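Can you keep this structure in mind? I'll have questions shortly.
We just call them A, B and C in the order they show up, numbering each chain from 1.
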Amino acid sequence: MIRAEKLTFDYEKLDETGQAVSMKRAVDGVDLEVRSGEFVAILGHNGSGKSTLAKHINAILLPTEGTLWVDGMDTKDENRLWDIRQDAGMVFQNPDNQIIGTVVEEDVGFGPENLGVPTDEIWRRVEESLQAVGMLKYRKHSPNRLSGGQKQRVAIAGVMAMHPRCIVLDEPTAMLDPHGRRSVIRTVQKLNKEEQITVILITHYMEEVIEADRVFVMDDGKVVMQGTPKEIFSQVDRLKELRLDVPQATLVAYELQKRGFPLPDGILSNEELVEELCRLKSKM
Amino acid sequence: MSIKVKNVNYTYSEGTAYEIHALKDVNLEILDGQFVGLIGHTGSGKSTLIQHLNGLIRATEGKIYFNGRDIYGEKYPLKELRSKVGLVFQYPEYQLFETDVLKDVCFGPKNLGYSQEEAEKKAKEALRMVGMGEEYDQSSPFELSGGQKRRVAIAGVLAMEPEVLILDEPTAGLDPRGRDEILDQISYLKRERGITVILVSHSMEDVARYVDRLIVMNQGQVRFDGTPREVFRHYQELREIGLDAPQVTYLMKSLKEKGAHVDVDATTVEEAADAIAAWLKERE
Amino acid sequence: MIRDITLGQYYPAKSILHELDPRVKLAATMIFVISLFVARSPVGYGLATIFLVLVIRMSKVPFRFMTKGLKSIIMLLMITVAFNLFLVDGNTLWRLGFLRITDKGVQTAVMVGIRLIYLILGSSVMTLTTTPNDLTDGLEKAMEPLKKFYIPLGPLKKFRIPVHDMAMIMSIALRFIPILLEETDKIMKAQMARGADFESGNLIQKAKAMVPLLAPLFLSAFRRAMDLALAMEARCYRGGEGRTKMKPLKYESRDRTAYGVILGYFLIVTAIERGVQIYGWIVALPGRWMAVYQWILSFL
């Protein structure tokens, strides 16, 4: 579905006359493959290059070096630009700055309008997408009166209405409260499972990646860890070094391991930990 | 020396279609030197409440006393109140406007009538307090990282030498590293200056480690008020109003349900690990 | 204070006015505005008042919402009224030094005041009952004939009037007005928390005090604009060409009725104002017919 090979991107810093004065390598030789239908999370700090990487998938940025293919289309191929953007939809961080319509349903219709979809079909798609994100009853509302989480779900519906095969979400929850955060993640998970949409979720919240199929951890423009959530979170020391969050259940297990209790690696949830602890206790 | 909130009610846009009863009969007393966490999700009234404390919003009904004086009394110096009760808004980096960091932090003290020299002295002191070294004094605030901008903005309020410092979601939008750094800095500040700090947040997990008192708001009312341990005992009610106690609280509770003999009051990972270790070592 | 500007603030409600085609509302607003200038007599103004009140009632928007729009023009209103009050010649009613008020002055001042207030109220009805998108759709459609015209700029370049782009710009501006107003409010409060004072002082001090407000506001507006441009591109926006419409404009029977009503109103106002002339013309008719008759007769 998506494949990157030695993807590198440099930001140029320009002075007042437009001359490049310095370069900053934001993405540094990233190889990555995402299969169709997968839920992939990219975890990393601000400035780790994860958002820059995300913008390549939608061909908003083009690689300085290396290549990125979306569904076999090279993002550098200008003739396929709109196909790529339709195929790989993008949801951004700030909910206010990506809603164009003044009524929810009009905003969801914006993408299909741009694609030249016939009017009847637009209405069908708008209804479907709003239904899929659970916002149908707000279709006549003004976006300004919605909560942050609701706005993000409208933005997701706006992308869904373009019938993409893949959605890239660039820190969609960074500006939301826990409640909104959960509703957005749940929506994305549902789309992944029920509509088989490939999801690439960029985030710095670890609790959002626990249910992903695979996790990539980025630091300083490079992919420094990759694997299943279990594999990633069993390396508590490495994560602490990167100063990323670890689930509290994992941390408690880690603390107990340090005190000599034989607990397995990669415990992610309370349920698992409780089970392991009871087993351990019965053996003692 | 305290802030006393008595029977405060506040209604937004009274008499229009958008009327909201944001605060309902709020009563609180915040004593000198306390470190308070004010928790609630978006729309719970917490942001409205703190804007009352420094007189930016006037209560529709009720009284507020600062150091024993009614702030709605005639000739009460509201401008002075705003310097005594320093309020740092959410996303404070968006308020920076001066050409360099030092000038921006001077804005507050200069508004209070201090001379350039005194203002600079206070500004420098405040900047060091938030961990911004001298090397940044002359840099443009717009070239700093997200976390640094936020420190500068906090210094901007701190430079007025407030007795009470209120921070509205100081960690919003920051990554885990930035969040930990800011919270550590605030807690250091609290110790060094001995001022009263009110930390507004929607994340229990973040603030529980730092504060000695938690106030939980829901739908414009104070729901719980006490030490973190006391408040987290109501983990079920907390979940009902869409707020979660720290994950370990639920862990300890599940263990207890399975018949484990553990202290359910643990609120941090270390406490939980201690409690579980003690239980595991226990001889039947 | 700042939130009180109503212009561009859609008020959701279910009314006939909300459902009308935006082109009808645009045309009706224009006709209403013209009628305000046609009306000169108390009867004419009375009629305009009745029409306005009926329309406001029909819109189901609380009246308080409408008058909020007036607050923003109160200065302009007072200056205009004062100018007319003091500067129009006529029979002096009252005099103080070089200031004098004449009967004609009072008359024009009242007339101009009412005109201005009705103008704002009338256009508020339109903006309150029409979503900005509908409004720009209406404008775009109404301006469509303009698309055919172009200014040749050399042999290969033509400047066409960018009707679609203009409409898009307007609709986005309207969507972001409330957001930016709220932001202004936030920044203002944040700077007040740092001791800023936006109210006292003379004009220069006040202007200076605006810098801490305007600098962050502009920066934020630019940031939003960049974000929005990215988001639009990501959703395949590439100008008006090849675009379909989710809500293509189509006249319904209620729109035709509305056209009828507004035209009827306009004719009545015009008729009343021109009443005397028309009356005179009708009275003169038999004489004219006589002349024509005689003229025809002269050929026979």
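FYI, a residue touches a chain if its C-beta (ideal position, glycine included) is under 8 Å from a C-beta of that chain, and two chains touch if they have at least 3 such contacts.
What you are looking at is a predicted structure, and each value in this text was computed from that prediction instead of being measured.
Judged by the touch criterion defined above, the protein chains are all mutually in contact, each touching every other. Note on interfaces B-C and A-B: more C-beta pairs are in contact across A-B. Once the centre of each chain is set as its mean CA position, chain B and chain C turn out to be 46 Å apart.
Remark: chain A and chain B have CA centroids separated by 30 Å (rounded to whole angstrom). Taken together, the chain A residues at the contact with chain C in this complex read 58, 60, 82, 85-86, 89-90, 92, 94, 96-103, 105-106, 109-119, 122-123, 126, 140-142, 144, 158-159, 162. Those residues of chain B lying in contact with chain A across their complex are 41-43, 145-146, 172-178, 180, 202-203, 205, 242-244, 246-248, 250-251, 254-255, 258, 260, 269-270, 272-273, 276-277, 279-280.
Interface residues of chain B facing chain C in the complex, by the touch rule stated above, are 15-17, 51, 54, 56, 79, 82-83, 86-89, 92, 94-97, 107-108, 111-112, 142, 156-157, 160. Residues 45-47, 147-148, 174-175, 177-180, 204-206, 243-245, 247-249, 251-252, 255-256, 259, 261, 270-271, 273-274, 277-278, 280-281, 284 of chain A are the ones touching chain B in the complex. For chain C in complex with chain B, the touching residues are 11, 62, 64-65, 186-187, 189-197, 211-212, 215-216, 219-220.
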